[in-house]
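In what comes next, chain A is part of two complexes: it sits with chain B in the first one and with chain C in the second one.
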Partner chain A sequence: MSNLLDLLVAGLATGAIYALVAVGFTLLWQTSQTINFAQGEFVMLPAFLMLAVMHVGAPFWLAILIGILLSLLLLGLGFKLLLVDPMLRHGVLPLAIATMALAIGMKEAVKQFFSAEASPFPSIVPAGDVSILGRVVSLQSLGVLALAIAVVIGLTMLLNRTSIGHQMQATAQNPTVARIIGVPVERMILMTFLINAFLVALASLLITPIYLAKFSSGEVLGQAAFIAAIVGGFNQVRGAIAGGLLIGVVDNLAAAYVSTQYRAAVPLILLIVIILFRPQGLLGRPEERTV
Partner chain B sequence: MTATGKYLRIGLGVAVIAALIIVPMNFNRYGLYILSQWAVMTIAAMGLNLTLGYAGQVSLAQGAFVGIGAYAAAIMTTQGGMPLIAALGVAIVLCFAIGWILGYPALRVQHHYLAFVTLAFSTLAFLVFRNEDWLTKGIYGISNIPRPNVMGFATNRPLPFYYFCLGSLGIVSLAMWWLIRSPWGRAFVALRENPVRALSLGIDTRRYTLMAFAIGSALGGVAGTLYAPLTQYIDPVPFNLSLSLDLLMMVIVGGSGFFFGPFLGAMIAVLLPEWLRFTQGYYLMLYAVAVMLLLIYSPTGILGILDRYLTERRTKAASALRAVAKSRLETAP
Partner chain C sequence: MRSGIFAGLLLATVSAAAAFAQGGPIKLANVAELSGGGATVGTNWKNGIDLAIEEINAKGGVLGRKLEVTHADSQSNPGVARAQVQKALDNEPYVLLGPGYSGSVKVTSPLAAEAGIAQIMGGEAAELTQGGNKFLFRTSFGQQSSMPKVAKYINDELKAKSVAIVWVNNDFGKGGRDVITKEFAKYNIKVAADISTEAGQADFAADVSKIKAAAPDAVFVYVNEEESARMLKELKRQAITVPLMGETTLVGQKVVELAGDAANGARGHVGLTTDAPVDLVKAFREKFLKKYNYVPDHNGLKGYLAIYMIKATTEKMGKVDAKAFADTLHGLTIKAASEPGILMDVTFDEKGDIDRQGFLVEIVDGKQVVKQVLPKLN
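Presenting the complex of A and B:
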């Protein structure tokens, strides 16, 4: 029983990070029909950007700041202007394939210019344990969970309470009507790309201390976020959050109770079952089929 | 099409086939290995081209079918001591059946959802290859996979085995050429272009969707049964998700829905990294950039560029003819 609680906390902590990545993923899909197969690599890169800045001698906080700015520039603005914009009018598939190529390119670039080995990465949450209600919980898990929840709440507030958020939702739901009623659709789409870049940079900051910085670490992460987004509901931000938390917990429980060999299979089977019986995801709304 | 155009095409085809047979004769072992790999990957990509390019279903599981075929061949020829042709039959039946079952979600959901189901299947298959030691020997892999005797000829040496792969590619190409011109092939295209219209014309869309998926998957299995004796050693690593993604990239880069798309796509995916090897560590990066640039320039792939050029020329020729005819009409008394 006590073991179960530990697993739950650890699962929620990784799940919260998955949720951040999955939210960015669904945002891109909603506003610009971009299925970003490089999303995992998008999480891998900011950690290396921060490490690179620290190599020059900058303190950790400055490296974080510059790292986030660089990701906004590269993974937000650059990604949209250089790859998505020229390809968007050609449909979903060519763009998805181009992001696969981008994933290969990013992995190889990091391997070439940085290192093929895993590098340690400092944690923004101090190491150690705290006891809550007589239970010992790792401070890192709690810190990650708290930060991720804060970001998710902030994002939900932005989307639901502010004018910009409403305009972004309008853009996602119906770009044509949104344009007619005066929403600057282009700027809103750019905004979602910037938000995605911010979210992946944050996720990178939170997850890299746990799993080390490695050029290939995006593969597992990207797939987890992908599954989280689909399980929760591909067209709903709250769906992606629920999916992320669920996948994090399921993944941790499967490692403990199923088998370490097949732990990765459990979320995948969940994914297939969900697609077969509730294709819009747990919290999603059905998509109209275009014929 | 004009008669000269037709002869030109036939001549070009004969020249390419002759070059594929004659030029590699003095290639070294590695060059032949790469060319054989090209032939094998082309077969797998052709299967995916049928599923994606002709029937319009996105599959991210083709690499898993190559894996299933490769393991069928490896297990049956090493542990069972059976000939490769038996393994080929098993692989085709197995992949066809699994493809058929996997196609069912395609009937309920379409587009990106099917991609997700096949993506999950791909990773599940990889886990089975890695974890079921009793069958696949897990991460240690299966070694000493024998190469087959074809009609009394041993194909142990690289050159005969390359011809074996090339011949298989030829047979598969002919079958595919026939298939896409058969009523089935036309039904597949109808399915891609307008499923509702196809249904109203009396095409059983359910059956044809499953069929396209299953035949495409079976070709993945065929490629796998060639892959195992080519490398003579297999372990789970080559059959992870990235092989499926690579195959998808081959089809799109070559030109999905074009008969020769997979040939070109596989050539770029298999040979371009080799040609770029002089750039050392940078070759995969350059490859990725090249793919992105190509897709930005022409999302329909390389053959899309050619197709666009030919259509433009034809339209120009037609409008020139029209102008001539018109001026004649005007000058006529």
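Presenting the complex of A and C:
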């Protein structure tokens, strides 16, 4: 039982990070039909941007700030203007393939400019432990979980309780009608790209101290978040959150109670089951499209 | 007259070509893990090679000929390693260097043996030198040499009665796990948990939870460098306080750099360390640090030693003869007094295994501290 508690805490902490990345998937899909297969690399890059800033002597807090700003610029604005806008008019598939190419390009560029070796990355959560229900739990796990949940709650409030959030939702549901009633659709779409950039930068900040900064570290994360988004519901933010947490927990339980070798297969099996029996995802809504 | 000039020119051309072939550079081929999970291994190995070649060439080369090396990236993938080694052998190198991963060595060593080219590699799996391959040579201890020392230390010094074994599911990890399990049986040490992990694994939370549930007296960690660092961080995160024991891959410089404070207290047996209390090793460390601006792990030493093995063996033969190289190196003892680049006296047996002094180290305040020096056996 105590082991189960440890696994749940660790799984939720990892799952919360998956959720941040998965939310980005759903936001981009809802507002611009973009499936970003470079999302994992989007998580990898901000850590290297922060390391580069620290390398020139800046303190960690400043590196975080500049890293987030650069992420907004490159992974938000730059991604939309230079890749999504020109490619989207050719359809969803060419854009998806273009993001795959982007993923390879980002990995190789980081390998070229930094190194193929892993680098350490400082943690924003201090080291130490606390006792919960008689179990020793690390502050890092709790900090990651708390911060990720706070961001998810903040995002949900932004979407549901503010005018901008309502306009973004209107853009996601029907951009034509939204435009007619005066919603600045283009600005709202850009906003989702910037939010996605912020989320991946935050995920990078939280996960890199654990996974280490490495050019290939986005592969696992991107795949996990993609599965999480589909399992939870690709067209619902709350679905992505639930999917992220679920995949994090399932992955940890599978590693402990099934086997390490098959741990990667368990979320995929879950994905297949969801697609067969509830294609819209656990919390997603069915979508009908005309051809 | 004209035919005489022509014959003279032809003779001169042939003589010049022969002289060039005799005095041209000695070509070496290195296939290593320059990217992928083993990038730390391959990069250190490559840098050690380059440093040694630079030194030797600056002093006139080997038997008056410069050394020249080509580097190829195995991407830490045995399939790619095999293709790269085949490509390298097609260029008929004098000696093949690498790879560092045991799995890659396993699939490439038959190719080098078939070509009759000596292969000096970094793999440590016990089985590599047990198959009768006469062309394969280690640069560090095999598991059959190191694991008995680790088990003895766990029994005698740590007094552990139960140990959790964490190993990576590849040739290196499986080999180490099999040897250490047999050694534990000799001391009646119980294996409290037998945990297999994957190469390149990022998340060790579940594995550490299993260790926690097994409540062992000590943990033996036998995974590659980057995974070792992640494992150490997770062990600290989950407040595991029992002694952590491993081999070179747990207490290497890169692991300490990556794991930070989490590496403190980890202990291990290392065949090679830049913190060894040996003057020549200290001098190597300084030279490496000056050239690359970081302190290498044992793989940097391995790459460096591989080149000086080639130098010493070739000078012993008195000629550059790829076919005779392996025969000469078998049974050869290279003394640091006569060849300082070899750093410590070393003997190669008939299987290509080595005998050299080793060290038991502990990480204290982010640095390797040598606790015991284990002497050369013969």
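The rule is simple: the second predicted complex is superposed on the first by the 290 of 291 C-alpha atoms of A that agree within 3 Å, B and C clash if a C-alpha of one lies under 4 Å from a C-alpha of the other, contacts with A are read in each partner's own complex, and residues count from 1 in each chain.
Keep this in mind: a residue touches a chain if its C-beta (ideal position, glycine included) is under 8 Å from a C-beta of that chain, and two chains touch if they have at least 3 such contacts.
What you are looking at is a predicted structure, and each value in this text was computed from that prediction instead of being measured.
S.K.: Using the superposition on chain A, decide if chain B and chain C clash or fit.
M.R.: Partners fit side by side after overlay.
S.K.: Look at A:Leu102 in the shared chain and tell me whether it touches chain B only, chain C only, both, or neither; answer first, second, both or neither.
M.R.: It touches chain B, and chain C stays clear.
S.K.: Kindly classify A:Lys111 by the partners it touches after superposition: chain B alone (first), chain C alone (second), both, or neither?
M.R.: both
S.K.: Please indicate which partner A:Asp6 is in contact with in the superposed arrangement: first for chain B, second for chain C, both, or neither.
M.R.: Second partner only, chain C.
S.K.: Which partner chains sit in contact with A:Ile272 here, chain B, chain C, both or neither? Use first/second/both/neither.
M.R.: It touches chain B, and chain C stays clear.
S.K.: Which holds for A:Gln261: it touches chain B only (first), chain C only (second), both, or neither?
M.R.: both
S.K.: Between the centres of chain B and chain C, viewed from chain A's Cα centre, what angle do you get? Round it to the nearest 10 degrees, please.
M.R.: 70
S.K.: Compute the least Cα distance separating chain B from chain C in the superposition and give it as a whole number of Å.
M.R.: Nearest C-alpha atoms of the two chains are 5 Å apart.
S.K.: Please write out, lowest number first, the residues of chain A touched by both chain B and chain C across the two complexes.
M.R.: After superposing on chain A, chain A residues 111, 261 contact both chain B and chain C.
S.K.: Please output the residues of chain C touching chain A within their complex, sorted ascending.
M.R.: Its residues touching chain A are 34-36, 39-40, 43, 169, 195-198, 200-203, 205-207, 209-210, 212-213, 226, 229-230, 233-234, 236-239, 254, 257-261.
S.K.: In their shared complex, at which residues does chain B touch chain A?
M.R.: 58, 105, 108-113, 115-117, 119-121, 123-124, 127, 130-131, 195-196, 241, 245, 248-249, 252-253, 281-282, 284-285, 287-289, 291-292, 295-296, 299-300
S.K.: Would you pull the chain A residues touching chain B in the complex into a rising list?
M.R.: Chain A residues touching chain B: 35, 37, 83, 86-87, 90-94, 96-98, 100-102, 104-105, 108-109, 111-112, 219, 223, 226-227, 230, 234, 261-262, 264-265, 268-269, 271-272, 275-276, 279, 289, 291.
S.K.: Write out the stretch or stretches of chain A touching chain C in their complex.
M.R.: Residues of chain A touching chain C: 2-3, 6-7, 10-11, 13-14, 111, 115-120, 127, 129, 136, 138, 140-141, 209-212, 214, 216-217, 220, 251-256, 259-261, 263.
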